[in-house]
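By written order: A, B and C. Residues from 1 in each chain.
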Amino acid sequence: MALDTAPKGWRSFARYSMLTIVALFILFPVYTTVIAALKPGNKVLDNPLLPNAFTLDVLKNAWTEGRLGRYLMNTTIVAVIVTSVQLVTSIASAYAFSFLKFPLKRLVFGIFLSTMLVPLEVTLVVNRRTIDSLGWLNSFQGLTVPFIATAFGTFLLRQVFMQIPPDLREAAQMDGLGHWGFMKEVAIPLVRPTLGALGLFSFLSSWNQYLWPSLITTEDDMNTVQTGLRHLASSDLDKPNLIMAGTIIAAVPILIVLVVFQKQLVRGLTAGAVKG
Amino acid sequence: MAIKSRRLREIPLAFAMLGPSLLVLITFVLYPLGKAVWLGQQTCDVQGKNCKSVGWGQYTNVVKSDQFQHALWVTVKFAMITVPIGLALGVGLAVLADKQLRGMRFFRTIFSSTIATSVAVASLMWLFLLQPSVGVLANLGWLHNIFPVIKEPGLLNDSGTALWSVGISSIWANLGFTFILVTAGLQGVPKEMHESAYVDGAGGWMRFTNVTLPLISPTLLFTTVVLTSRAFQAYGEMDLLTNGGPIPQDSTTTVTYLIYGSSSIIKNNDGLQAAVAVLLFVILLALSALQFRGFGKRVHYGS
Amino acid sequence: MKTPNKSRLLLAGLTASALLFASCGGGGSSSIIDPGTTKAPASGDSGAPTEPPTTVATPLASLPACDTTALDSATGTVNITFWHGMNGDLEKALTALTDEYNASQTKVKVSLENQGGYEQTLDKYLQSSQDSRPDMVQAPEYAVQVMGDTNSNVPVGACVESAAYDTSDFLPKALNQYFTEGVQWSMPFNVSDPVLYYNKKVFEAAGLDPNKPPTNMAELRTMSQAIVDSGAAAFGLSLDTGADSGGGWFLEQWFAKLGELYSDNDNGRLAPSTKVNFDGQTGIDLLTELQALVNDGLAYNVGDNASGQDALLKLADPKSAAAMTIATSAALGTVLTTVQGGLIPGITTDDIGVGPMPAPGDAVAPGAIVGGASLWIVNHDDPAKAAAVWDFISFLITAESQSTWAAATGYVPVRSSALEVGPIAEKYKTDPRFKVAYDQLSQVADTPASLGAILGPQREIRTLSARAIATVLQGGDVAAALTDAATQANALLSAYIAANQ
């Protein structure tokens, strides 16, 4: 039994009180949002901290008027495509860097690494023109293709692959196990936990993209939840409850995903801290 | 001999496995980077066409300009608000919740919940809190009697409080992320280390600074780098909460907002936009290098 | 060793910024816009007087043609896309009109594509290649020069000519706003101008006549004093400094009201402007007047804000309200529905008064310049598409459509015949609040000064003047603020000319 983990009297009481106070602070914006979203328009300014009226109409309105259902579907499609293709490309390139022998390997790896340092802001304007000239504005290609390869993921998986002793690969080769077999039997099972984490991380960042989708969509049908919210906010500030309802609808799905995949998330976010 | 032939034999396979990633990374990261560097010394018409080179002096002009220096200063202030406070809060929360107590899962879920809010969601929630007429705080009489700035002119509209308000909303939005990271770091600290320090008679605070902090330093470094880079690239918060204002102080016009903001005077000037963006890249590069060098040396990677 | 993270970070941040600051050696102020990076502009610049510029008329024949009969020979339905920037209630009204059009015939099908606002629409249009552009675009009134310089449009004038379309009952001002170089570039659709919104209940409580709003700033000052003294409201007037309202657009309006040119070369209508005039005495007097209102506690400055609606919301403030504000007439519909929705307890729609935009000082100047936006035909070298767009445009500007549109939104009908038909005929009679904006546009003869300026970087210049006005309303020096803004504006103008001509 650890010496200082036994909860004793006022110490644990103090800790619980602290936890509760902090939790209340963190939940305060969420609380006011939920309260507002469940109130009819004429009650919003009237005592903003108390649920003195209740209606589900506002949520319904945000769903239909704000077309958030459609936008949620778009966002889900984009996030799923980006995540799954990112996983495939990351495995492939990490495998190549770890187990294949080819000329200029260091140089190519250097190219990969260097892309990790370039912030999105620098590339946006030119990328928009590239997507335009490819005819990919307002398309899922435009929303996904620039993000389907990731140096971060490659780097991360390579770190794990490097833990496999070279002799193991040699031995497998002696046994007649080709690259494909080795990848399937040895390499992928080894990185499975990392893959879950990486996947969740990609999903989150893809879901929360804001600047890029707003630049390359001109059709309402192609809005994502984030750009749709921006639209809702610019049109209806006189209806704060409607906007708040919109933010709830946008946040709830990702909240559910997070609660379900909490374990992977922790691993995903700490993955970057792996010593290198 | 065998190795050499293998090097050549595996070229097609390597190409097939790396090709797609390389193609995407070169097309959407390296090519635009190069293009932006070149564009930074050009001037174009309103459609971004007919670009003419005006010389690399354009970069110097941008660096010298009031607008850029001001935006950079705002960005640095924003980072100095959000990174240390965000990190300290994240560590504090994680330590507080790092106990095997009943109901701790519940608290952990709450503390990590803000990670579910995107920039747009978090900013809109805070807009509804802070807006001076219909906002929540402005409609709590007792509160704005104590702090009149909440109503007049409003926390987002006062040049003294705007950056702090945006900063707090940003800290809040990032708190879940920081909390999860530090918690994971703490769980990696072997319990025996704690216990031996306890046996040696080290007090709580001493134990924390001498044992725990050094052990989670890799996590702290990583978190700091990510939070700093996020602070330097913050855009959505300003776009939704303040429009870079209030004017004329431009209290929340960060470098990113100077490039893309709707009230920026260079937003239809591709050359100047590119120049500012490339400078932002250089600064971020220098910052990460500094952080890794300066504080990476002290990072404790375990035994 | 204590919290190395924080101090290190601070150090790193400071070092990086110090490096950059060091490289610029602390010289005097300099702007990011450098008019000297490009070749000297053709005209302007102080020094020897150049020969006076003359209007260069662009012959229609040199521009993309419009054959309005091309639609008849087209097979099947012609699909056209329309980028617009209408939000909220305005978007609903536009959608209703478009649905009506789509249902009324089978030749053309219009798809509305909301870009989120004027700014976003224009920015996306400018960034896109011609192939990615829509068939029709709504561009704000400040974008005339920029849109013209893209050389990407079929001038509406060509279609008017081809269809022998009768524009005799149009508000001349609405057409003239989009007429330069002898070409009718685009068709006015949603025309607005600033009006005064006020709370009649407050006027009554202050012992003022709720049906006599102030017509100029001198009257506004007196009334505000009465309102504040009586405690009927905390402030007389709420002001903002947004670029498309109190910070820029209103300034242009006030210059036009006084018959003063906002910029040289006849407000940019003779040749591209090379300098702005708001740093002259007219501008100084105007801003001094506004500053005094704020200093004396009669007006309240809500500042610039992301929503652009704070000045109006200040009237709804439950605790320290203002009695009046100046805002676009296009907000009238939204204001009334909001009040009807019950957001502000104790105020009904009848309590909202609308008056003309107050003129500077004690001037009698009822006119206004055209705000809002116009419709542009995008050239895709497809006569059928251009003809289809024209067909839709001609639907949107019929007397009936304009009447419906104006009644739903508060925009001004672009033609006088619209006043005789449909809902607006009734509305103008029963609810004179809607007619205020129309009257402002039909009263003053058109001169370059009363039509307002057409500038390339007009939106950017508005953000500069907004900054000057914000400085002044916070107590800054009027002349210095205006001089600074004008210097930067002039740099923007010459940089624009150098890059685009």
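Assume contacts are C-beta pairs under 8 Å (C-beta built on N, C-alpha and C of every residue); 3 or more make two chains touch, one makes a residue touch a chain.
Keep in mind that this is a model prediction, so the values were computed, not measured.
> Could you work out how many touching-chain steps separate chain A from chain B at minimum?
Shortest path length, in steps: 1.
> What pair of chains has the most C-beta pairs in contact?
The largest set of C-beta contacts joins the chains A-B.
> Let me have the rounded angstrom distance from the C-alpha centre of chain A over to the C-alpha centre of chain B, please.
Between these chains, centre-to-centre, one finds 16 Å.
> Report the inter-chain centroid distance for chain A and chain C in whole angstrom, where each centroid is the mean of the CA atoms.
Here the centre of chain C sits 39 Å away from the centre of chain A.
> Would you mind pulling out the distance in Å between where the CA atoms of chain B average out and where those of chain C do?
Roughly 35 Å separates the two chain centres.
> Going through chain A residue by residue, note those that touch at least 2 other chains and give them in order.
Expected reply: 44-45, 125, 129, 230, 233, 237.
> Touching at least two other chains at once: which residues of chain B meet that condition?
Residues 48, 127, 131, 134, 139, 221, 239-240 of chain B touch two or more partner chains.
> Which residue numbers or ranges of chain C touch two or more of the other chains?
Expected reply: 127, 307, 313, 318, 343.
> State the interface residues of chain A toward chain C in the complex, per the touch definition above.
Chain A reaches chain C through residues 41-42, 44-46, 125, 128-129, 132-133, 135, 137, 214-215, 218-220, 230-231, 233-239.
> So in the complex, which bits of chain A are touching chain B?
Chain A residues touching chain B: 2-5, 7, 12, 15-16, 18-19, 22-23, 26-27, 29-30, 32-33, 36, 44-45, 47-49, 89-90, 92-93, 95-97, 100-103, 108, 111-112, 114-115, 117-127, 129-130, 145-146, 148-149, 151, 154, 179, 204, 207-208, 210-211, 225-226, 229-230, 233, 237, 240, 243-244, 246-247, 250-251, 254-255, 258-259, 262, 265-267, 269-270, 272-273, 275.
> Write out the stretch or stretches of chain B touching chain A in their complex.
3, 6-8, 10-11, 13-15, 17-18, 20-33, 35-36, 39, 48, 93, 96-97, 99-101, 103, 107, 109-122, 124-129, 131, 134, 136, 139-140, 172, 175, 177, 180-181, 183-185, 191, 194-195, 198-199, 218-219, 221-223, 226, 229, 232-233, 235-236, 239-240, 256, 259-260, 270, 273-274, 277-278, 280-281, 284-285, 288, 301
> Of all residues in chain C, which touch chain A in the complex?
Its residues touching chain A are 83, 87-88, 91, 112-117, 120, 124, 127-129, 131-132, 134, 307, 309, 313, 318, 334, 338, 341-345.
> Of all residues in chain B, which touch chain C in the complex?
Touch residues, chain B against chain C: 43-48, 50, 52, 54-55, 57-58, 61-69, 72-73, 76, 79-80, 83-84, 87-88, 127, 131-134, 139, 141, 144, 151-154, 156-157, 209, 213, 217, 220-221, 224, 228, 239-243, 245-248, 250, 262-269, 272, 283, 286-287, 290-291, 294-295, 298.
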